[in-house]
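Shared chain: chain A. Partners: chain B in the first complex, chain C in the second.
So, the complex of A and B:
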């Protein structure tokens, strides 16, 4: 029974990778050059932003939570990076640590609210999204402040766009995150504790897992990943803009779920979620290559998620 | 109360009736108290600044602006009662709002038929959610996330640019701009809820929210109940979409988006438990009005509108934490 369950989870991950490959093949048919090395790396570069957010989302979903504060933590991170660095390389390190610290703080507050104040994760992270949104809008005067027009430091822009062995640096970072997160989740005590909490928090507690601290830490990690994605996105686009974080909430959840992670927690891997991010981005790229209007993309996007879920996201009969 | 989780063997002393009602409805009572408090604060600020109490105009516009949220929150409540959550609210309101702005015209009979068809469209959208959750055995949060995207796409297809028009007569029937007559519709909704609460369907809704396994063991058709719950919710979102169009006298395929989050906020403020099995339409209506009153209060407190969501988020957390504390106190004092 154990082996069967394991192979089913592995199948889900394989299905997510299969979907990504299939989409690239379809793309190559409808749009010559779609599957060229250049095109694939640029699509994966866009996928890496979703993938990084999905890493944090994956952590909290594995313990049966959810992080709805992604959009504005990401957006505030991009704003904070540009306004704190003023586009100067000399201030880049200071701005990056400040931004990651902000993400960690927001995530920490989420965790504390969920664990010690007993607020449901949906409500707590939703409220945090509003709190950060209000602060970001208010403090920047609705992006009218003098520093708001600053660009991301050239060093960060170069780090995102620059290539090493022909592959963009942001992709290398994502690859490193995939390796580290997968290692931490499957081979460390901390990873085991995460799955244990997701399966049964009470049993995990009785088995000696420090449930509260682990959960708070995971929410803080999610905040850090959102902030990291915000930094890279600011470097990628050059500037921060209002609303840039909005698509990443649904995309990160969809990526995690398509990747075979159970929304109830306790099951799934980040390897799968990363594949989910890649296939989602590939899907959008294919639809764009087909000159599909926005409404069509929106509909097909939803239908594809439903089809994938019906294929392998179903629960056991009650 | 059906499916009362507190019923104990006869050997235990029964709690006094008043304490029982208080314990069962602590969420609703708290919501009503917060609403009353927010109205008093608002009236006080208004009186100080304007030299008079809020009159017909203020009350009417508050009621009319809250109508779509109140209806959406009642729909969300029905879904949340079954331990579900519906993120497609915004999409259904977008779609029905767009349909209303395009097709509402002509004779009274025509408008009635169109309105009914729009409500049916909302119910159909809800039915899709219900089938996927019930028969498809998928998690509500991911199903409705996907259908949200689909309904939003359909709405933009129906009404690519903001526009359309709602006849003046239709608007003045639903949201009279001189008197808060729209409250009648909320009273009807509350009456409907009382009927639902006492029907077999209502009992089943609460039963599967409180303990799905026990409910199924007792013969509750959980799948069918869930499907019906999402369908009714979809119909209510459609009514919300119609009210939104009537209030704006035109349509916009994106104005509904915000209702996904605000309906959850209203439900939580209205004392509905996100863990299922506890909640009421009156609570949801209170929650919706609290949400509007907070915006009104922030406006009269001369808070920079840019900070609005900061205070809303903060208030949401504080309200939930205190609500939980008071609920625990009431229950531990039995």
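So, the complex of A and C:
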């Protein structure tokens, strides 16, 4: 009994990975070739975008917060990358730094609003989403500006599409993020502080944890991860488009929840959230393979999240 | 109790349990426990933490169903579906955890479900506070403002509102789980007067407490539990015998002897111009190896003082000298790293002290992670070794360092919290009511630990809601009243009665 209770979090992570594998198996029945190496890597490539956003989301959800500014931080990042680089490799480094800086700044503002102004995370990040949307639309003239037609620098597009040992470069990047984020969360002082704050900010504060700075930093990280996903998506699709960030809000939260991270904070791992991103994307792909129309996919999405929250919520109340 | 005696007792009892068992996960909290309380009787349940007292109260109060056995009311088995159902049967319960709604007023909390209403049902909001005021006054409570939010009043006041809310419903059976743990003498006296009123009117009162003098002063009968089993019911029993039954072993003198403070012990903490209420100021000095008690009624600024010295939030204008050097303590991290190291064990162990879902190890090492890590990476082997050492040194009963702290008993949780500061090697320890809600055996261990710590030259500032503890465990006691030090008591004048007298002198007059 005891042993089972101890590994409950691990079980959730395993369940999320199991779900991903199961979905690929189901997909293979529905659609021959679904589980081929080619198909699996391309599905995981799509999952990596969700997974990167989910890394930031995972950080803030672990402290009981949430980042609703994901859609437009991501979208603005894609626009900023293409317009600042004008599609030239020579300007790629500058554009990437500028874009990541923008993400960090937006996240920093979120954190400052939450910590020092005492604005609830839902309100603060939702407002930030609106502000960035306004800025992006206004400054780009609704994507009619001269630079707005620019493509992502070929180097970035190549980096996303290129492969190493047969695996897309974006997937390698995601793998590195999984390793680094998991390491940070489980083996560093910063990670321990994150879990402490998520469990009980008052007790963490009284144990000497610098709660304010940690929280602000976590929101900034979330902004950076959204911006990073925006850069990769622009490289993946070649261009920025309006509304490209919209699906990532729901998907990032869903991935984190499917991966067993408590929506109330303090419990869960990024390893789980990454599995959540993979299984969620696999689910979408299976539904697509079944020719499920978009409204049907949305309904199934919603139901999956509700069922999981019900199951996990029940467990915690025991 | 023999089976025949149990059967006889339960047939006449207002409330009884017949061989009830209850398990949580793999832990058997109660096994075939019999219990019976008659109308008009005050019945105390005593035992260590985890002995099954709270579980029995929860079963009797309808909060949990028994796994086997039955609850009987007036000799008839009943199946209680919840606390509301229990209330319909005339059972009122004050559970150990406070249940007031923090963002509602005292009046709204007190009158919940029985608000004054207009003809068609809407609540007469304007009438709430006067009604609550009248209800409280009827119970002899005049110092709690019914318009205050529940979150604004002190823990003791919340406990009183919690009790008042139950007793104004005039239950036939009143169950109180550690009602006095956060109350001081005068409030306990108030509660006992209410209990006597109710029992005189025929109510059966069942309560739990860890304070022996309270138990003997009010209980008609005492039932002792150990490890989920009833080990005896007595009309009268002396403390030593009771403790032996509770713990299954003999505990020598409850209060260990105090190590003397060396005459040349340096002052390690000096406080001047500290204002607890924005007005009057106080100052004091604490020497190495000294245990300085802080006494007084609840709400006199103790909490502000302890949190203030720890920087959460800092005391305005206070001049603090740690180990001879002026120190600014703006937040807990400053206090932890100040000179000799300051540690705070707060009042609310679960809310302010521990991270319950996290492991024993995580809880132990949180303040020293800076020291334990290199470039931000925690040195895992060193951390595990230090956790194991402290677990062994304090005798923390846990399957291992990875066990979530929330799964340990209250006393062991408190030891984890103490162990955290031993690991940090803090030389100045602020102990705020560390024995609250802790069973007698663990209390004894904490007392001995305090003596050992003082003997090692650590300085302890100690607040307790139990004045007996203050009188026995401190070299000196400062009694706070209205944000000032009203009296300083030293042996031979240091006695529980003297502390109470000093605390109340003006409070009664004004």
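The definition used in the following text is that the second predicted complex is superposed on the first by the 302 of 318 C-alpha atoms of A that agree within 3 Å, B and C clash if a C-alpha of one lies under 4 Å from a C-alpha of the other, contacts with A are read in each partner's own complex, and residues count from 1 in each chain.
Methods note: a residue touches a chain if its C-beta (ideal position, glycine included) is under 8 Å from a C-beta of that chain, and two chains touch if they have at least 3 such contacts.
This is a predicted model, so every value here is computed, not measured.
By the touch criterion defined above, A:208 reaches chain C but does not reach chain B.
Using the contact criterion defined above for the overlaid structures, shared-chain residue A:11 touches neither chain B nor chain C, since it reaches no partner.
Look at A:117: by the touch rule set out above, it reaches chain B but stays clear of chain C. In the overlay built on the shared chain, the residue A:147 is in contact with neither chain B nor chain C. The larger set of touched chain A residues comes from B, when the choice is between chain B and chain C.
Contacts of A:288 after superposition: neither chain B nor chain C is touched. Comparing which residues of chain A touch chain B with which touch chain C, the overlap is empty. Considering their complex, residues 1-2, 5-6, 187-190, 192-193, 195-196, 199-200, 202-210, 266-267 of chain A touch chain C. Against chain A, the residues of chain B that register as touching in their complex are 85, 132, 136-139, 141-143, 145-150, 152-157, 160, 212-213, 216, 222, 261, 264-265, 268, 274-275, 304, 306-314, 316-317, 320-321, 324.
Residue ranges of chain C in contact with chain A, taken from their complex: 25-26, 310, 312, 331-333, 335-337, 344, 346, 351-358, 362, 366-367, 369-370, 373, 376-378, 380, 399, 402-403, 407, 420. Of all the residues in chain A, the ones that touch chain B in their complex are 66, 113, 117-120, 122-124, 126-131, 133-135, 137-138, 141-142, 250, 253-254, 257, 263-264, 294-303, 305-306, 309-310, 313-318.
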